[in-house]
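The two complexes that follow have chain A in common; it is paired with chain B in the first and with chain C in the second.
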Partner chain A sequence: MTSANSWYEAGARQRVAAMLDPGSFAEFIGPEQREISPHLAIFDLPEQFDDGIIVGHGTLEGRRILVAAQEGRFMGGAFGEVHGAKLTGLLRAARSLGEPVLILFDTGGVRLQEANAGELAIAEIMRALVEARMAGVQVLGLIGGRAGCYGGGSLIAGCCSALIVSEQGRISVSGPEVIETNKGVEEFDSRDRALVWRTMGGKHRYLIGGADAFADDDVLAFREAALIVLAGNGRLDADVLEAEQQRLEHRLHRFGEAHDAIDIWTDIGVSEPTEIPGLATDEFLRRITDKREKANGAR
Partner chain B sequence: MELADILASLFPGGHEVAVMDNLISGSGIINAIKVHVIGIAGQSPLGCEGALILAGHVLEITRKGSAAPILVLIDSSSQRMSRRDELLGLSECLAHLAKTLLLAGAQGHRTIGLLYGGSAAGAFIATALATGTLVALPGAHPAVMDLPSMARVTKLPIEVLKAKAEKTPVFAPGLENLAQTGAIHAVWNPDQSLAEQFLALLAEQTGGDARDRLGEGRGGRPKAASIAQRVEKEASHA
Partner chain C sequence: MEKLSFTMKPSTPATGTRARAIVGVVASGNLEVLLERNLPANICIIDIATAAPGFAAVWEAVIEDFVTRRPAGGLHISINDGGARPDMVSLRLAQGVRLIEELEA
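Our next item is the complex of A and B:
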């Protein structure tokens, strides 16, 4: 199922290397500076010298770009104090430099061992992101990693100018286990993987306009998609938010009674909707042409 | 403090603030200054519909073109945890609400959050933490996650978590802990006029996001401000 260049299987550094022009990446506050979390030791947990995120700059087809990549294999890619502050600083720089940003999400959300600092970091990132976009800067989110894009990470994604997802790219505020723990297995059976994928996965998000581009689970496919999306405009203003308000109200009105993703896909007019989860990318895209809901920049 | 008492102390001359399905909206006048009010009451969760209703209010306010302050009153639980909300894209709805508040702030409206009860997780981020200045009343009880749930996720006994919570404010629930990280600008005095405290806050100058420096000064977040600043500097010189 996964190729040698699988985005899902790759680590953060591999993704960045494959995304940018060869040899163009330079990291800010790299691991050699050993800026570790000041809080994990309280829990007797091992630190990592980059605190689970890489930020820096490079070029994409010769164009200068800023990039952040989360490492989903360290603490589930969760946002702690240092991890979050690196992304905040990058987005503040993007605003003053006027340079586009790629955020390679791979996160379970806030790191609970430093929950207050992580939660506030999410808020600071969202503010810096929105201020960059109001200055005309594009901020793209790329989602297809092991940890998905959950919790506060999904709210940051919701502030991006565009999102690129693969089938593996799950986006959700409450994770399956959290819903099950709080509301019971009748509400959400977290062990039902098929339910998780069709409720939160990349195909569903792409079908309802929650994402703007759909990529194969392949680092080069993500790169190609990013190049296409970067040709657009990412400015955030009052008109964009008015349009997003209408888009989301329309979605609740149209699909609000749906019980399952299959109901929504049926309503959209996709033929044989139950086959959607099993389709390869080409066939999936062919099957949904002119059917899916599009954001058209209203985000 | 109860919502009715808060509104009475904020608007001694009366107000037109209503609560419907635990969503707050309306306006009042303090010293000839019109103040728009939105919010969540009754410790209720914030789902897709609620987020869009509140965002609609904010957009309606910004559409009018004035620079009137927007007060966001918060006594919520977390985001509504349900299969349906996630199916419909709750992350987009909550982010949309946060964006409307951030846009209002950028367009010249002072956005002031007043946390008077509970709040947690996605609901907290989309409302209180998306305002330009967040204040609280004593007794407010924000939490990212309650300690019993945290014990389940971190696989640590709750006694161990409680002991650790005494050593560091960085993870444990509660107003004081969150204030130390810089999230809460000030805690108001419920025995004094809230209208006067609101006017004093309006008179304070605001600039960019100073929460990281506030957290550094209070000792709750020793590294965030300097790390963000160093990344910004390295990026500018690269």
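Our next item is the complex of A and C:
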């Protein structure tokens, strides 16, 4: 079920407007500047004036904040040269200004029509993100859109200080169709929606520490979650990385042989694990209290 | 990609004071409409880039209808179209002139 203010259904501009204090948003390189992709015309593909990402600044409960929002309906929210450069620039500004960043992910990964430029953009964004975090800046990822957060987008998400996810959100490097194409339908049936969601969906990611906060599919729920997470410190140093490396090694050792997410939920002690996908948020959070794994500011 | 441009003489100037507005997304069956208030009040220019070539006559009919019914004078309207149907185009144009007449938030 989706609410009247569904994050999943909202466009990128609606999400930004709902996240920030009313009227506080100012866009950098807005659509009127027509900084469009230099590649799409070669393929005779339609362009979008903002190249599918909105970047700018505003306030959240009066606090200055930078924000980037991907439009998942334009080319699956995919990263191209201009799209990526706008996010790189925003993260560099965050480092200089010492202001936190919200990245509203909604992406299938790199735009295939500008693959090399897109892959380079992912690398530049990850570098800029880590440099901002090393300077003490928090970078939050918010994931609950129709395109999910896949490919290079998931790598960027993995560098964030914290991730907020809804049930509708999906996080994975390879998407369902990619896995099926490469490994066969016996390995992963991309048409099995329940399988897709319990493997990559928000509940599973939250349960195994792949996301740090769980929100209802509602723009105000995401806003509340962001305010709570921003109260943390988002520290990134060798100790944090070392602790996370150990957690992930332990996770692989413990769950490496599991064939289905339900095996993992059973192992961590969730009662009636097969009911998890059908639970409403309140009951889900109650059922998993003290059961879920927690990440260490890096995942 | 087919590019079309229409210079129209709307019956009514756009209301409000906003400099620009944007509605819609470039996707299958959808379009984005960027409106900029930077022309004389008796003119409306509409530039279109569409993924569906061969529909100039349909575009002209939709735009004739739009400038007759809506206050569009003074607007430079730029459209990136992903193959929207005429009813969707009319809806986005109407949303656009509605948004540009709203007060700045």
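What we mean here is this: the second predicted complex is superposed on the first by the 295 of 299 C-alpha atoms of A that agree within 3 Å, B and C clash if a C-alpha of one lies under 4 Å from a C-alpha of the other, contacts with A are read in each partner's own complex, and residues count from 1 in each chain.
The working rule: contacts are C-beta pairs under 8 Å (C-beta built on N, C-alpha and C of every residue); 3 or more make two chains touch, one makes a residue touch a chain.
None of the values given here were measured: they were computed from a predicted structure.
Colleague: Should chain B and chain C be called a clash or a fit once both complexes are overlaid on chain A?
Modeller: fit
Colleague: Quick one: name whichever of chain B and chain C touches more residues of chain A.
Modeller: Comparing chain B with chain C, the partner touching more chain A residues is B.
Colleague: In the superposed arrangement, which partner chain does A:Ser190 touch: chain B (first), chain C (second), both, or neither?
Modeller: neither
Colleague: With both complexes overlaid on chain A, does A:Pro31 touch chain B (first), chain C (second), both or neither?
Modeller: Second partner only, chain C.
Colleague: So, A:Thr59: does it touch chain B (first), chain C (second), both, or neither?
Modeller: A:Thr59: touches no partner chain.
Colleague: Under the stated touch criterion, which partner chain does A:Gly23 make contact with: chain B (first), chain C (second), both, or neither?
Modeller: Touch status of A:Gly23: second partner only.
Colleague: Have a look at where A:Ala115 lands relative to chain B and chain C in the superposition and call it first, second, both or neither.
Modeller: Only chain B is touched by A:Ala115; chain C is not.
Colleague: Tell me which partner A:Asn5 touches in the superposition: chain B (first), chain C (second), both or neither.
Modeller: Touch partners of A:Asn5: none, neither chain B nor chain C.
Colleague: Applying the document's definition of touch, where does A:Gln14 land relative to chain B and chain C: first, second, both, or neither?
Modeller: Neither partner.
Colleague: Would you sort A:Ser154 into first (chain B), second (chain C), both or neither based on which partner it touches?
Modeller: first
Colleague: Give, as a whole number of angstrom, the minimum Cα separation of chain B and chain C in the superposed three-chain arrangement.
Modeller: 14
Colleague: Mind sorting out which residues of chain A both chain B and chain C touch, each in its own complex?
Modeller: none
Colleague: Touching residues of chain A toward chain C in the complex: what are they?
Modeller: Listed in rising order, the residues are 11, 13, 22-23, 31-32, 41, 44-49, 71, 73-74.
Colleague: With touch defined as at the start, can you tell me which chain C residues reach chain A in the complex?
Modeller: So the residues of chain C in touch with chain A come to 1, 20, 22, 25-27, 30, 32, 34, 36, 49-51, 78, 80-82, 104-105.
Colleague: List the residues on chain B that touch chain A in their complex, please.
Modeller: 48-49, 52, 55-56, 59, 62-63, 79, 81-96, 98-100, 102-103, 106-107, 121-122, 124-126, 129-130, 144-145, 149-150, 152-154, 156, 164, 167-172, 177-178, 180-183, 209, 211-212, 215, 220-225, 227-232, 234-236, 238
Colleague: Applying the document's contact rule, which stretches of chain A touch chain B when the two form their complex?
Modeller: My answer: residues 26, 28-29, 35, 38-39, 42-43, 55-57, 66, 81-82, 84-86, 88-90, 92-94, 96-97, 110, 112-124, 126-128, 130-131, 134, 151-152, 154-159, 171-174, 178-179, 181-183, 187-188, 199-200, 204-205, 208, 210, 236-238, 241-242, 244-245, 248-249, 251-252, 255-256, 258-261, 264, 299.
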